[in-house]
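Listed after this line are the structures, all set down as structure tokens.
Note that subunit A is present in both complexes that follow, paired respectively with subunit B and with subunit C.
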Partner chain A sequence: MSAQAGPGTYSPAAAAGDRRRERKEELRRHLAEDADWPRADGRSFHDCRPAFMQTGPTTAASGSAYAEFGKTKVIVSVFGPRESKKAMMYSDVGRLNCNVSYTTFATPVRGQGADNKEYSSMLHKALEGAVMLHTFPKTTVDVFALVLESGGSDLPIIISCASLALADAGIMMYDLVTSVSVSCFRKNIIIDPTSDEEAWQDGSLVVAFMPARKEITQLTLTGEWSDGRITNAVELCMDACSKLGDILRDRLKDTATLTCE
Partner chain B sequence: MKDRHLSLNQTQRVRLEAALQELQSVAPAAVSAAAVTVADTIPVNQEDNILKGHGTSDQDGEVVATLCGVVERVNKLVYVRTLRARYKPEVGDIIVGRVIEIAPKRWRLEINFSQDAVLMLSSMNLPDGIQRRRTAVDELNMRSIFEENDVICAEVRGFQHDGSLHLQARSEKYGKLERGQLLMVAPYLVKRKKQHFHHLEKYNVDLILGCNGFIWAGEHVVVGEKPKTTGGQQGFSTEAENFTPLETRKHICRLANSVRVLSALGFTLTVELIIETMEASASSNVEINDMLGAEFYVQTAEREAKRRADLLRKKNDAR
Partner chain C sequence: MELRRPASSPLVDNYVVPGDVVLDLSEMNNQTIKLGAGLRQECDTIQATSAGKLRQLKPNKYWIENSQKRYIPSVEDTVLGIVVDTKPDNFLVDIKGPNLAFLPVLSFEGGTRRNIPKFEIGTLIYARVVKANSIMNPELSCMDATGKAAEFGQLKDGYMFDTSTGMSRMLLSSPTCPVLEVLGKKLSFEIAVGLNGRVWVNAPAASTVILVSNAIMRSESLSGIKQRAMVENLLERLS
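On to the complex of A and B.
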């Protein structure tokens, strides 16, 4: 069988592959220069991608939300609280069950989604501190996240979208959880990186934050960072999370007002 | 409009927006002002010793919402009425549920609550109608009364210490529901009333508005009437018993579609509104399957907007 992709296959066209290679070369060149450079989508270093969020796309679920940040598209469905099917001991607090999965077509190379197990546990840790688990004893809330298209910064978008879905489902929460990631390139810190930028980062920082209570529910740090830069990056993330929190609030308020009427 | 993504043309979209706008103007202005989201501060007078109810918590001396919904105030009690939450049962509620499991001396039912409800064998009338102690034989014959996936109507009897729900079906009006459609809507659309069982004589149809958002539309069953069969006519009578006339089936479908349309538009479900919608569809010669089309949705929204506007005008004239 020839290596060239035929018209009936799912492989990306050669031209698309060339374009991707060119973008990576350009990024590598900019990194070598170690100066400010225009990002592929025209944003500055401290600009987030345009966000679109919507509640209630899945009618069968107790609550659901859809989020689209640039090329990253995520849908989250929340089921419950419902009786725990596992034969467990009586528990005064409820269980939060999180599951993250990728569609086979989410990534440019078919079926190369991120490590779902790791993302599932990170989503659980981020939401656990915000959900009032003591309000639904003996029961389980299931959070299922599905990444439809992976365009970078997947986990923060999953966390924010899951928080919106939980609020839509009427689950008691201390506050909404918003999340933003930053990547570090030599001296530069860029917010909300795309998948191309994530491929060349020196380090990354993901912050899950409760804007109204000003509390961090999760902080994940990878790569090499100096103390001063970590502080700057966390402040940058918290500021972005607060603004994202306002977007989430507006979306929920619109839904509440519409439903009342 | 929730739960349905309709393909509206330009004219229909304009008409629907106009109807919703009118509904918005008719609705009390306090509603939108009282809408809160998670972690929003609820303004209260600190001098009054207010009681913090469901969906609220205390943070730095302020009352904060923990749910997304509408703030309600009853004297000193402040609580948040959530919109998309699961059903919260109260003793005496009429509910419709589906059997999911047969356990020793009890049936487990799915009733849109956070936990499965329990209907004890001792909490319901036996098929023979005799009041007696339940024996091991009755326990073995439980599947002949209700089996998995059967739809049942019952009443909330009470709660256990662990929060699980107990039901009872002692009256003859409760029990297995057959020959009809089960509809699932949001529980907040069904308000608690004195009467939840409705017999629409004109159509020979029963409508049960379950407080848990499960609605039953089915053929009318006369309470206490049990079809008796003799040996020779067994096969024929069983066939006749399972047969529902075509006209009745059409009425059931029309009734069910009326409920679907109203729930998708987010209107509170009352028997009067359901019948009105059903009759409007029949009088305007809308086919049963066309009731779920965009045009009928728009017509229903316009009709409801007009009805509410007239109601408001009458109230103002009375003053």
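On to the complex of A and C.
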């Protein structure tokens, strides 16, 4: 029997789908006009979403962190350092094992998050430059990231949250790692895009950055960019990463203060 | 005459995170600085590599003290370990570290090939770390420096629970931590604290064991005054 909604029945999924379609249509119209447009959440092009971060949500893990940027919600758990499996070859430096997974309900379309299989290796690349692997030879640190809700700019939030979780676990690091992404729409560059904006972007740039050392650990560029715009976008990302770094530092210090009171 | 400023950081006793510059060496001259856990030198600066409180032991020792769920073995630490396997020459002991620790069968008072102790898997042992470096498994001993058993060895009965390494340091700190001070005045119990974040409690009455364990577990995030109030509240309920 088909579960079709009657004439007087309200279907939340259908209503949400209609709203999403309207937003996409509006965005497409603005892009066609090639003019500045108001973003769906009222931000300007160079504004990030409001951020909430917290350490220690997972009690069983050595360290953990939860991050919420707008609609994107991520939880990261760090286990270890623990003995590497016997099958692995001896190593003078430690191993960093990263895994990114999505809940089935993370995206509007069920199971759509499985498309981002390369996120695990990208997270590893972003973090391995900051973690002092030589301080735990023969052992492995496992980083498990779970995206609870995907609202755009997932990878940068995963990287920042993982960095916070590693610091919470007491893993030796050269510096915290923060990450921000920008999208390019013809002549406009917008920071911290939502999933709707990511769907229409001409190109994207993700920068993972160590704020205290002023070093980039990873830079991923996709789509069409001109040289001048790349420079502007990288500077914009680095500036945002520095500010996010201050938030991460304050978060760690606040947690410590609360624990001591 | 050259003015010599003592090596001191404004961040001492403050919380630092990885990347923070805790000391600028360019402002100092001919001074020896000893760096402990969580700090490293980079050019003319000393930087933090882990999150925690920066501590200084006058005049020139610096380290970062943090509270973790995992334990990094250090020589002369007293730890509570659980036997996970037995080999002809060693017991393999879990001390919550990156690797299992070795406890040689001869590292007991009067230990010879004739009287090797027999520990079953799951036995709780109070031991001392005698060797610890990152590329080898740590080595334990159930003797003090003079070869006497002292308080080391198997812990029978009682109840063991896990805390953070910071909490176990607090319990072992001097002067006595408020929780143990208040509990010790009212109740009679035995306690063994390992720097690896394990605590063993034993008492004649089960209710005492439960009360002491709960008091210690609850006290982790409380200040001294709040700890006293919490323990007194628990004791009132018991009486």
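As a working rule, the second predicted complex is superposed on the first by the 241 of 261 C-alpha atoms of A that agree within 3 Å, B and C clash if a C-alpha of one lies under 4 Å from a C-alpha of the other, contacts with A are read in each partner's own complex, and residues count from 1 in each chain.
One rule holds for everything that comes next: a residue touches a chain if its C-beta (ideal position, glycine included) is under 8 Å from a C-beta of that chain, and two chains touch if they have at least 3 such contacts.
None of the values given here were measured: they were computed from a predicted structure.
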Clash or fit (per the criteria above) of subunit B with subunit C on subunit A: clash
Classify the contacts of A:Thr139 with the two partner chains as first (subunit B alone), second (subunit C alone), both, or neither. both
Pick one for A:Met172: touches subunit B only (first), subunit C only (second), both, or neither. both
One more residue to check, A:Ser62. First (subunit B), second (subunit C), both or neither? both
Report for A:Glu83: first if it touches subunit B alone, second if subunit C alone, otherwise both or neither. both
State whether A:Lys253 touches subunit B only (first), subunit C only (second), both chains, or neither. both
Find the residues of subunit A that appear in the contact set with subunit B and again in the contact set with subunit C. 62-63, 80-83, 132, 136-139, 167-170, 172-176, 210-213, 248-249, 252-253, 256-261
Okay, in this complex, where on subunit A does subunit C touch? 61-63, 80-83, 92, 130, 132, 135-139, 167-176, 210-213, 248-249, 252-253, 256-261
Interfacial residue positions of subunit A with respect to subunit B in the complex: 56, 59, 62-63, 80-83, 90, 132, 136-139, 167-170, 172-176, 210-213, 248-249, 252-253, 255-261
Give the list of subunit B residues in touch with subunit A in this complex. 2-3, 20, 23-24, 27, 31-32, 35-40, 55, 57, 59, 64, 66-70, 82-86, 114-116, 162-164, 266
Hey, which residues of subunit C end up touching subunit A in the complex? 15, 17-21, 38, 47, 49-53, 66-70, 98-100, 134-135, 220-223
